[in-house]
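Before any comments, here is the structure.
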Amino acid sequence: MNLLSINNLNVHYFGSQGATKAVEDVSLSLKEGELLGIVGESGCGKTTLARSITGVIAPTAKIISGEILYKDINILDPKNKTKAQNVKWKEISFIPQSAMNSLDPVYKIRDQMREVLMIRGGFNQKKADEKSSYLFDLVGIDDKRLRDYPHQFSGGMKQRVAIAMAIALDPKIVIADEPVTALDVIVQRQILDLFDKLKKSLNLSIILVTHDISVIAYTCQKVAVMYAGEIIEMGKVQSVLERPLHPYTMGLNNAFPDLLSKKSDFLVPIEGSPPNLLNPPTGCRFKMRCPFSQVQCNNKPEKFKLSDQHQVSCWRENESEQIRIKASQASTWVNNV
Amino acid sequence: MLFVLWAVATIIFFMFRLMPGSPLTAFIGTTFTEEQHDLLVKKFGLDKSLFEQYFLFVTNTLQGNLGLSFAYNKPVIGMILEVLPNSIILTLFSLMIAYVFGIIGGAYLAWKRATWVEGVGIPIVLATRSAPEFWLGMIALALLSFQLDIFPAGGTSAPGDIYYSTLDKLLDPQFYHHLILPSLVLAVYLQGLPLLLMRSNMLEVMQEDFIFMSKMKGLSSWTIVIKHAARNALLPVATAFTLGVGFAFGGNVVIETVFSWPGLGRMLVFAVSASDYPLAQGTFLFLAAILIFMNFVADILYLFLDPRVSYKTRN
Amino acid sequence: MIKNLFNVLKKDPYALTGVLIYLFFIIIAIFADLIAPNDPLRILFNSSGLARNIDPGREFLLGTTSNGRDIFSQLVHGSRNALYVGLTAALAVAILGTIVGLISGYFGGWVDNLIMRLADIALGIPFLPFVIVLAAFLGPSSWNVVIAISILLWPNSGRVIRSQVLSLRERAYIESAKVSGCSNLRIIFVHIGPNILPLSFLYGSIAIGWAILTEASISFLGFGPSDVISWGYMLQDAYSSQALSLGAYFWFIPPGVCIVLMVVAGFFISRGYEEILFPRIKN
């Protein structure tokens, strides 16, 4: 049973120059206790996707079509407004990209925790304070610091506060948008380990959005690769990273250093840049940068489902083994565009 | 603050002494004899060297002695203190009305972003800021006082009535009857600043991440706008209020003149017209002192209200 | 940059209105002699003697003052004084504020400290009282307003420009300009200057309105020149001639409206350009 199902979601941004198709026909699902990663470069739409799940998107954005089913209830349907409101923070919560500004600077942390716990959780003040102390303990902060203001915390600590805030009402799903990007490597590891611990002890499901593939490799079980607003490959982390089916995923692999890998150490960026989503190209959106594109790529690739929950949107998926070998050679990617 | 106070006082001193047109000639005119002229010069200490005069000026001022008025032959400081309450009451009353209205109005306009309310509201507010205060006063007087006879035409009291003390004033409804028109007109002019400032701050704050987070937490619109957005947006407005007090004192001149309100501003105008330079100098100095003091208070206030700033200064 | 200006005008109805208002008054001011039927200062007579306090009619579009002068002609000529005072003050504020901001921000150190101290002092002097005293000593003249504005109002624009310069100074291209041997002056005027101009323009346009309002207040208080017709003078004339109790709205409403229009125009324009300067505030 899927805890969360996103079916054919389309989100557009409306600006003076027209509509930017930021999220295009995205479908994915999350089971209980699962840690799903969404990886892609900046501007690929992953943050928009993440925020759409919480129901709070930018004023210029609009969900055009699609449904988001939480426990089989479509929280996008205006008929389910009250149910959707109840889902907010109590069932699905959010850890934002930069915890820097996610807390109100003029109120103490304790007051902000109380606000969430008392107003949305029905706690009384005493119980709220007890729970806050417990949460801080869980995330590894001294509960004396509840008396402090947000600016008195370091980056890593603020992230922990954000995590504590996110799990305050015992949600089933936590969405973390680039939770460790702004932190140094050591703290990154600590926070990711914390995620893992919480997932296990609280039976939490986590959606982790990031551009850093090594983070995905370290924590996630399932991964969805996003490019130009579309999910082009999805599956178990091991499958996707060791036997990628999409040229983009293969290119991503090459572009990230991996200290543990045994393959020859070279970093090859994917030349070119993502297409303009105001007027996205017809067919496969990666075709301009793909070393393996052919005429058929002018038609939108179908979703090919392989065994082991591994799916990909590429016409040449049946040739993936040969393509993989070629993709591991630097010469394929250089002078490509 | 003390440095600025001293510097401004010195500038005022030199301004009144070194400007073209000896102050006494203007006052005395040609009707006094040579003897009387010399007597007066001696009396007002104008025969001493500039340096001596300055020294006397500083020591006297520090003791609260601002000299004797040429026209009234009374101590300047006494005259200032007599009219000071009127100015303070007018200023504070107007500012409070202006700021309460401005804060609420500003938050409302921010809420109505990109609607016709904003499109119409902003030009109207800008127009109030563009109108000369005394002109608004003139219209108010012409309409509400002369034509419709709802409010008195000026002064703090009906002719013949005397207030015995400030307390007496504050308790007498007649006083308020006289206070309403000038303070409302002044408030109309003053509300533009807090309103636009509050609106601009609100718009900026509403973009902040913690507002998005509040929405995601499922908090009510009321909680978000008032408890979080407004509280953050108010900081600069509070500072502006203190600055506004200092500024309004100097600017009240025109309103006091239109409504014949006996305050510091009107006294300055009179003193200058009558070439009563000790009175003019004393009043000007007093106005400057208030301004400088309120600038200082504004800085301190900000330190207290913003936890981020006070944290830095404490460490 | 010029293209940018025109684009803003096209998109922003407020800025466009502001510019149109300015153009309107500039045209009136230039052709005042042709538009106004009478000399604004001339005392007029008609068949029944002194043409005083006549209501608006065909002969006198806005009626006459208590001294027998044509109000409409006064109104038209008043635009000249308004523009004259407004534009001179705007120039003074823009130039002074920019120079101060550039020097203070770029050189820093004791120069910066000194200038900031001077700014504190300038801000400690009450504005209107200062103009009054100036008028009393230097004699009534339109220059008093310009002088006072120049001396006391540069800190506002100066400070903002200074902080802009501070942030620009640290940018990489300035560093490389220095390394490649550009003189300080050249850096200031060629590299930093153009980025500051929009700010100067903004404060300049606000200064026009401020100057006109101040001039009006000073004239109203009786410290303005009496040989030059200004809208402020008209208001003072009306007030002291008991126009209020006479209900002579046609006398004192029009000059005020003109002042409001000109000052509002300044606000509209500066708001329009606020959009290019601080685009993040949009949406």
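As written, the chain order gives the labels A, B and C, with residue 1 at the start of each chain.
What we mean here is this: contacts are C-beta pairs under 8 Å (C-beta built on N, C-alpha and C of every residue); 3 or more make two chains touch, one makes a residue touch a chain.
Listed by chain with UniProt protein names: C = ABC transmembrane type-1 domain-containing protein.
On a predicted model such as this, the values are computed, not experimentally measured, just so you know.
With chains as nodes and touching pairs as edges, the resulting graph is an open line.
Chain centres computed from CA atoms place A at the largest separation from chain C.
Which two chains touch most often is answered by the contact tally, and the pair is B-C. With centres defined as mean CA coordinates, chain C is found 22 Å away from chain B. Computed from the mean C-alpha positions, the centre of chain A lies at a distance of 56 Å from the centre of chain B. Across the complex, chain B is touched by residues 14, 117, 120-121, 123-130, 132-133, 135-138, 209, 213, 216-217, 220-223, 232, 235, 238-239, 243-245, 247, 249, 252-253, 255-256, 259-264, 267-268, 271, 280-281 of chain C.
Residues of chain B that touch chain C in their complex: 3-5, 7-8, 11, 15-16, 19-21, 123, 126-127, 129-135, 138-139, 141-142, 145-147, 200, 203-204, 207, 247, 249-251, 253-254, 257-258, 265, 268-269, 272-273, 275, 280, 283-284, 287-288, 291-292, 295.
Listing the residues of chain A that touch chain B in their complex gives 54-56, 85-86, 88-90, 93-94, 96, 98, 100-107, 115-116, 119-120, 149, 151-152. In the complex of the two chains, the chain B residues touching chain A come out as 208-210, 212-219, 223, 228, 231-232, 235, 306-308, 311.
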